[in-house]
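So, here come the structures, one by one.
You will see subunit A twice below: alongside subunit B first, and alongside subunit C after that.
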Partner chain A sequence: MALAFDEYGRPFIILREQESKSRLRGLDAQKANISAGVAVARILRTSLGPKGMDKMLQSPDGDITITNDGATILEQMDVDNQIGKLMVELSRSQDYEIGDGTTGVVVMAGALLEQAERLLERGIHPIRVAEGYEIASKIAVDHLQQISHKFEFSATHIEPLVKTCMTTLSSKIVNRCKRTLAEIAVKAVMAVADLERKDVNLDLIKVEGKVGGKLEDTELIYGILVDKDMSHPQMPKQIEDAKIAILTCPFEPPKPKTKHKVDIDTVEKFQTLRQQEQKYFDDMVQQCKDVGATLVICQWGFDDEANHLLMHRNLPAVRWVGGVELELIAIATGGRIVPRFQELTPEKLGKAGLVREKAFGTTKDRMLYIEHCANSRAVTVFIRGGNKMMIEETKRSIHDALCVARNLIRNNSIVYGGGAAEISCSIAVEAAADKYPGVEQYAVRAFADALDSVPMALAENSGLQPIETLSAVKSQQIKDNNPCCGIDCNDAGTNDMREQNVFETLIGKQQQLLLATQVVKMILKIDDVISPTEY
Partner chain B sequence: VDFTPDFHCPCASIRNREGQISIVKIDVDEGVFGIRNTFGEGRFSILQQPQIILLKEGTDTSQGKPQLVSNINACMAVADVVRTTLGPRGMDKLIHDDKGNTTISNDGATIMKLLDIVHPASKILVDIAKSQDSEVGDGTTTVVLLAGEFLREAKPFVDDGVHPQNLIRSYRAASYLAIEKIKELAVSIEGKSLEEKKSLLANCAATTLSSKLIGGEKEFFATMVVDAVLAIESDDRLNMIGIKKVPGGTMRDSFLVNGVAFKKTFSYAGFEQQPKKFLNPKILLLNIELELKSEKENAEIRLSDPLQYQSIVDAEWNIIYDKLDKCVKSGAKIVLSRLAIGDLATQYFADCDIFCAGRVAEDDLHRVAAATGGTVQTSVNNVIDEVLGSCEVFEEKQVGNERFNIFNGCPSGQTATIVLRGGADQFIEEAERSLHDAIMIVRRAMKNSTVVAGGGAIDMEISRYLRQHARTIAGKSQLFINSFAKALEVIPRQLCDNAGFDATDVLNKLRQKHALADGEGALYGVDINTGGIADSFANFVWEPAVVKINAINAATEAACLILSVDETVKNPKSESAQGEAAAGMGRGRGGGRGRGMRRR
Partner chain C sequence: MKPTPTTCSPKIHQPQTTSTRTVSRGRTQSEIEEEWLARSAGIQVERLFKDEATEEKGERARMASFVGAMAIADLVKTTLGPKGMDKILQSTGRGHSVTVTNDGATILKSLHIDNPAAKVLIDISKVQDDEVGDGTTSVVVLAGELLREAEKLVATKIHPMTIISGYRMAADCARSALLERVMDNKEDAEKFRSDLMKIAMTTLSSKILSQDKEHFATLAVDAVMRLKVSSSLYFGSTNLESIQIIKKAGGSLKDSFLDEGFILDKKIGLGQPKRIENANILVANTAMDTDKVKIYGARVRVDSMAKVAQIEGAEKEKMREKVQKIIGHGINCFVNRQLIYNFPEELFADAGILAIEHADFDGIERLALVTGGEIASTFDNPESVKLGHCKLIEEIMIGEDKLIHFSGVEMGQACTIVLRGASFHVLDEAERSLHDALCVLSQTVNDSRVLLGGGWPEMVMAKAVDELARKTPGKKSHAIDAFSRALLAIPTTIADNAGLDSAELIAQLRAEHHKENSNAGIDVITGSVGDMGELGISEAFKVKQAVLLSATEAAEMILRVDEIITCAPRRREDRM
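Our next item is the complex of A and B:
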């Protein structure tokens, strides 16, 4: 803080605790901010692409996460620096909106910042740089629209969707069975999608994981999987054509919510009370039986007495099922949630073709499968894997793939991956740069250079010569006028991404560019950082 | 008094007139030479004359001209902080406080508030920024900058021994003249067709937004803001425009809802089974809990006969079912409540194909009521058709990571909701502040319907006018009004500085243009794109006249207030009382007019 002195030569205290606050201003502030942003981006750079590496992160309580999902890495890194936090949020918002490309967006922002620093050193006003970037990002986004392809798909023809999902999954640890997983993801999304409204409610897809088995055992269940078992070990393990009563009331005598007291002063009264209680249990089970339920799913627990009675009356039951699962079961089976026994009617029962309890390996863990439901609008992806970390990472990968499939249903345009789209944009932006009079021209050109850094990182991570590869691909794109040439990460022998079937969604790519530009502009606009010193 | 300082051991013994000896500690610290008594009572004096102790021990008083100068210095230091945020090429400030909250802002009032200024004189600047914010909504940086500049110009005069009251009088006269001139120059947009008016208002909004982080999309947001303001028409309640923030997406994904939108509330099992889209639904708004619960908190039921048990249970269920039944019977398809809607009710409504949402935030509920024409009910008895609201389309929609309830096409059209999207939390926060400014500007422009040319053009024109006027005045006043005029030039100068142009050069060009005899150059301002000058009015760089009037008024008052203070008494005890004491005193001395400042 600039100090002012009064007539006695004492400094003014203008701000509270002025001495303990540090302040950076002008170019210093910009440079410090840029280097913080670039540092974050550098961490993620090696995770990009199919040959990208994973990061191992240990949380304060010792939990270990291994991932190469950008958003997750940044989330777990617990970045303290303010500008670093902006980058974290950048990747998070890409995650929220698109669900995929969280690494790419940060790498892009980092590259833009790196280029900006060079321009600042030449004395270009930061806002002019930001404005130039904005112009360039518009050009790039429009160009993406031009080179994008639309493809048709329908409920039966899902091949294109699967291929796009495979591109997403190929950069993950699970890429060895990307085909299976991609199919699972697409089928799951198609099952819950509302193709007319182009809306997909991902809440209807449940992703469940269990340690054990192998990744190939991962399956899609048209129905619900509940991590619960039958309340009594002797109940049947398999029920066909189940009629399910979905209850939110416990198998207990009902209690009024108002405070109450029952005065018992004679033995007779006690007897009556006892009988009444028993009658309640009896009635409850009877009511379930009467409407024809062959399975009871209950949100709460039940008394041992009720359990025994249920067993006795041959009515299988599941207890302590969570609210969300209960809702999903209701949706899937077309049943209604029933709040008390008096209201049970045959119409309110859910129907499922098969309910079975399945035990895994040698462990005693059991899970309940509810399959062949009346209405299959709720599905479950059940992941198996060697260890917990693997399952967690698979869950994240599946989530990415689900998001990609969802985005494609919303907007079925795709661009080519493997850096092809970036290179093509870079060429377009570079060409457009010369049209701008004034300082912006340099910033636009810098944007084009920054676009190159994504394919460059891809090549680097794949063990190729980055500059050589990039320039070869670039010249090929210009020569053949073919925006599908990208980096051949998998050494497939061709760099035509159409042949390699490497697709990315158009909206995902556009979002990346726009978000990265937005955040970079924000960082460049800051010329004054006031903070308490301990930070 | 026996005074023998020893600099090796920073202590000295002092004997006072009564013969008591005190040991004092001497602080030698970077030119600060102070004596502090190490024993509690400090009843000694190094001066020969007996000192009359008037104020409480430790009270710091500074007075006279040096005090005035030091106050001016302090204000200038504060004005320097916000200086760089002015204009379309202005920079942002990143401030984070002890709690780790970060704010990135370009809004003068926000920055001033977060700076946490304790200096009593400088606090006045914070106040005027705030008052400008609440009064006009925009121009908060301008007002601080102007006040700082008025003081800067006044400083040499004070140094030269001019009596501050002379300065004050002239400044007031100058500000009066300036405001009259603005009113004269302002162009009215009254009487234009709606379409024309819309584009005019959009220009005003765009000028405000151009200096903000969302400046790149200013046309997009300007139209949105104008639509929103026009939607609520002359309604004075600003909270009828809701701004909802959803992280994720880009700015362009922001959208305007002609009605109300709010985030999906907490829901119970069964919610997903409710329909999520209605056309022309009836909406019931409630302020009661729809849950199975005891009717009275402290009631107790005593049963002597266990057989009666069931009847109590049934009674409770009947109460809630009765309520739910009444809701359904009312014909409403959407039920909203400020209080919880429990799982039982959720499932009941799901069975009846009714959408419900509990725990809706109070202001959201009120906005729904205003928009749909419904009334919030505190009972479900006797729900008549008139209290039910309605809208064209209701839908639950995915926005980013959240699901939103959107009521579109509301009949009474008194509300609008802007759903803001953006990459980072701080980004959306700043966007919200910027939109707030723009909304205020558009509302102001609609009410007063006069605009002036921005980009420093109006400031240059007033400056020229005042200079011209000053020449007709004999006496000291001429100098002061001249300096007031010079101070006004700070706006175009700062615009240039922030954009990295040669300020002197541009300013000279502007002066030359404005000096043209026939007044044809009166609309020329800084051209931020080329570094030259351009006709701001023709380029649609407009601001409502009231922004400038209020800014000059508030800045002059603040400057006068600070100039009229010649003594500060600091009470050492309580920290918070400090500022009040000085400010209170200043106001007292400034006279009644000083106090009136905030009201204007």
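Our next item is the complex of A and C:
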């Protein structure tokens, strides 16, 4: 089959070295792909929801990650299968776009694939299945729009936001202090949010972690935290009303970029050169001093002599500050990053109300707090925790919570969580299915079944009877025409998610459905897999 | 101390027992799943992961992490308590250097571990070491016990999430039980000091220093109290930097002493005074070998020998000027971080100045701190450089080594502890033990709440948790019950390690604690139940709290895992 003939009857090769490649075609290819996708989804299925379990991942270097964040699990899983990689991409794009629901999207895609397989077995053409899914996802997304609620909050009334963030955090290991963390996340987002334009620049929120202390010690700092200390041990540890010079040039002898040689051949030259050098250091420090700086933050290192001169002239300095941090400091303090000493002017200095150095624990760990900045829009979430894994996991959780808060500020529509939205969509899609005359009807119905699998997984993970619970909730939704009924994961005694305050953002949910459908469509369309056989 | 990789470590692999266990219970979850996939898809998923990457699911994963964690806990278990045994660690590095220790953190740090769950435990012990300094073994043992109990519960079909919520409730309850019984003698200076003494002795009693624990406890308390007196001047009184520990082999542990002042392990330059009173000290970090021109690209190019001589002369002149400037500060002692060559040394000797070269960075910083001077690198304006002062500098002999002793320094909190001992191993271990004690003490100075020791806190917590278990409805109560059993494991281990009849003792303790406000704990020396208050065995509240919270956190973390995915190990060019 990899041999074709041209018009003169000569054979030519289409697929080189065919023997050494394995090839799957037709239904086999689709089935293999589907089962790979389902296998990936199966791994994540148990991580869904507040009672979801964690996965322990060991990296090639032996480091350990413990998480139940779908995107992180898939990213570190070392997946080799092509379709598996597609699923990884899927979860990643959900992470980039929305930041939350990374597990849900994969589970949904897995369920869609499972359903598709059954249809394929009945002989329905994959493209028809894909089209049916497309129709169904449109219905579902529209339905979500209908059942969504507007969600009222303002800069002073942040309680609803906090509650939404708590829903996100409750599925993480940090749910012990989800209230505190949710508040921190919301306050951080509110601090940097532009409520007029409905935009949040998450770059302004820095999430720092340091091992030690307890999770409860996690704090929100209205300012910047730099993991550095003063360049000279005897510089003051606390500076009030600091005027900060932000430099990207080293306190070192000049290094012209063009190649040059300075030849010393007489004693006079030697002496002038020496004096120049001393003057050079003196000038550098003097220039900083002249513009009125009371703190120097530098991206580069200091020469010993320059360091002492700085200390001597009572000009505290921090060296080796990373580029990203430098930019953040510049944003926060309203200063400009200055590449040359000559260009320092008083206007380019950043201002901060308080800069202090703080020590932690018994080891000599110190960090620099820059607070009360001129531009209070940059904030830092400083995480403490028992061990490194805990901190990393908290960082991820906070990131999710920040994303949720941001999404709500962008678009304040919400749907109800705990599987309520999925069940409601499933009912709507099921009802709409009968209207389609073609084979697509089956696919649309299959989509409705797939939607059920998310609440089913939730119920399963919470130790409830999945089928029983799902059917009970479903009938309740239809009977009361109430789209807020979901799975009662926390054993709170009510199925009404409105009472439990379990929300999810509308765009997050819509995105989940759309992304999952797209990927499934893509997988279904593949009918030939050619891969090099190894060994 | 650098963590030395050692060979003694048992590599904890996926234990064989798990597979047999799961088989006996029928097919494992993963087997069923694979079969399902094979049946439904018709085609087996060939390879989802890369080669060598492994995946363990459900029961198996949980079992693997339980077993790994328990193995680690069992490993350090025997070092717990005053009668705990030591471990020898031999490094695989060059020289196969040997460390003898019973410090949990040190042991665990040097293990090569394959098991992911075990790594979590090592991590918490390390954090415990960094944060509070002591209790590194207890935290691992407690976490191990919590997991052991959890394993039993999981076997009886209780969901891990239920166990976790039970553990959380129990930990909260235990903490508040401790809080109710803490003693705080912050106001009463004398009592506080005796509290500190007791804590130091309790900490040291499990270490190699236990023979002379009174001696060392006094040393440690004195050192920390000095810090405290002046802590208002210097914020962050947990700053242990101004306590210096110098190890000198020779003599016995009893000969160790606390010196009020600062000792620098350096020699005085030739022909310079050996003793200076009312010294003015300049602490510097500057090149005193050849003072190079730092401008980039500068180099000497000459065309005749005469010019070389001239340049050399100029260089010498430059150095002479520099030395003159330094002398111009009106000093009689000069300490430099970098080398001092013979020529400037001679100049200093001529001026009658004591010059010390090549003091390490820590030494310099500490010296600057204690003498109140600043570390200088330029010497152009002598009037504004802050000089350090001390009453007396002299050369002293410890054993066979000459050291420089600075006494009567400006900052009163500085002091040096000189450790003497028969061998380097003893000294290293002594230093670790003393470090533990100092850490705990300085933490206690900050947070002066104190508890009794000898298994007393565990008994108090267990009692409170037991009561909670009885009150709690639902499956959680099993988990809470298990928590209290895990707590009891610590006194049990202490008794076991001391070769006592633990079952008998624990039963007695329980009965004793049933009464209100009992002070009963294990008296390891007589092997019976004793009053901890009378025996003077105390522990810092902060340490116990950290043990409780981090152990629970770690156990919770491991319990939540239901799947382990191990990536293919990165290939190394050469493995040792």
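FYI, the second predicted complex is superposed on the first by the 520 of 535 C-alpha atoms of A that agree within 3 Å, B and C clash if a C-alpha of one lies under 4 Å from a C-alpha of the other, contacts with A are read in each partner's own complex, and residues count from 1 in each chain.
Simple rule for what comes next: a contact is a pair of C-beta atoms (placed from the backbone, for glycine too) under 8 Å apart; a residue touches a chain by one contact, two chains touch by 3 or more.
If you're wondering where the values come from, they're calculated on a predicted model, not measured in any experiment.
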Subunit A as common anchor, with subunit B and subunit C clashing or fitting: fit
Partner chain in contact with A:411 - subunit B first, subunit C second, else both or neither: neither
Partner chain(s) touched by A:519 [first = subunit B, second = subunit C, both, neither]: first
First, second, both or neither for A:482, with subunit B first and subunit C second: neither
Contacts of A:90 with subunit B and subunit C, given as first, second, both or neither: first
Partner chain in contact with A:490 - subunit B first, subunit C second, else both or neither: neither
First, second, both or neither for A:180, with subunit B first and subunit C second: neither
Touching partner for A:262 - first (subunit B), second (subunit C), both, neither: both
First (subunit B), second (subunit C), both or neither touched by A:58: second
Arrangement angle, subunit B at one end, subunit C at the other, subunit A at the vertex (C-alpha, nearest 10°): 130
Touched partner set for A:273, first subunit B, second subunit C, both or neither: both
Minimal inter-chain CA distance - subunit C and subunit B, angstrom: 10
Intersection of subunit A interface sets (partners subunit B, subunit C): 253-256, 260-265, 273, 276
Residues of subunit B defined as touching subunit A within the complex: 31-32, 62, 66-67, 69-70, 73-74, 76-78, 80-81, 84, 88-98, 100, 102, 104, 106, 115-119, 122, 213, 216, 247-253, 268-273, 292-296, 298-307, 309-310, 312-313, 315-317, 343-344, 347-348, 350-351, 397-398, 400-401, 422-427, 430, 499-500, 529-530
Residue ranges of subunit A in contact with subunit C within the complex: 28, 31-32, 34-36, 38-40, 42-43, 46, 51, 53-62, 64, 66, 68, 73, 76-81, 84, 117, 173, 176, 211-215, 232-234, 237, 252-256, 260-267, 270-271, 273-274, 276-278, 280-281, 303-305, 307-309, 311-312, 359, 361-364, 386-390, 463
In the complex with subunit B, residue positions of subunit A that touch it: 1-10, 12-16, 29, 33, 82, 85-86, 89-90, 92-97, 125-128, 131, 134, 199, 201, 203-204, 248, 253-265, 269, 272-273, 276, 299, 323-324, 326-328, 330-331, 336-340, 438, 511, 514-515, 518-519, 521-522, 525-532, 535
Interface residues, subunit C side, partner subunit A - complex: 33, 37, 40-51, 53, 55, 61, 65, 114, 116-117, 119-120, 123-124, 126-127, 129-133, 159-162, 168, 235-236, 238-241, 285-286, 293-303, 307, 310-311, 313-315, 318, 365, 368-369, 374-378, 380-381, 384-385, 439, 442-443, 549-550, 553-554, 556-557, 560-570
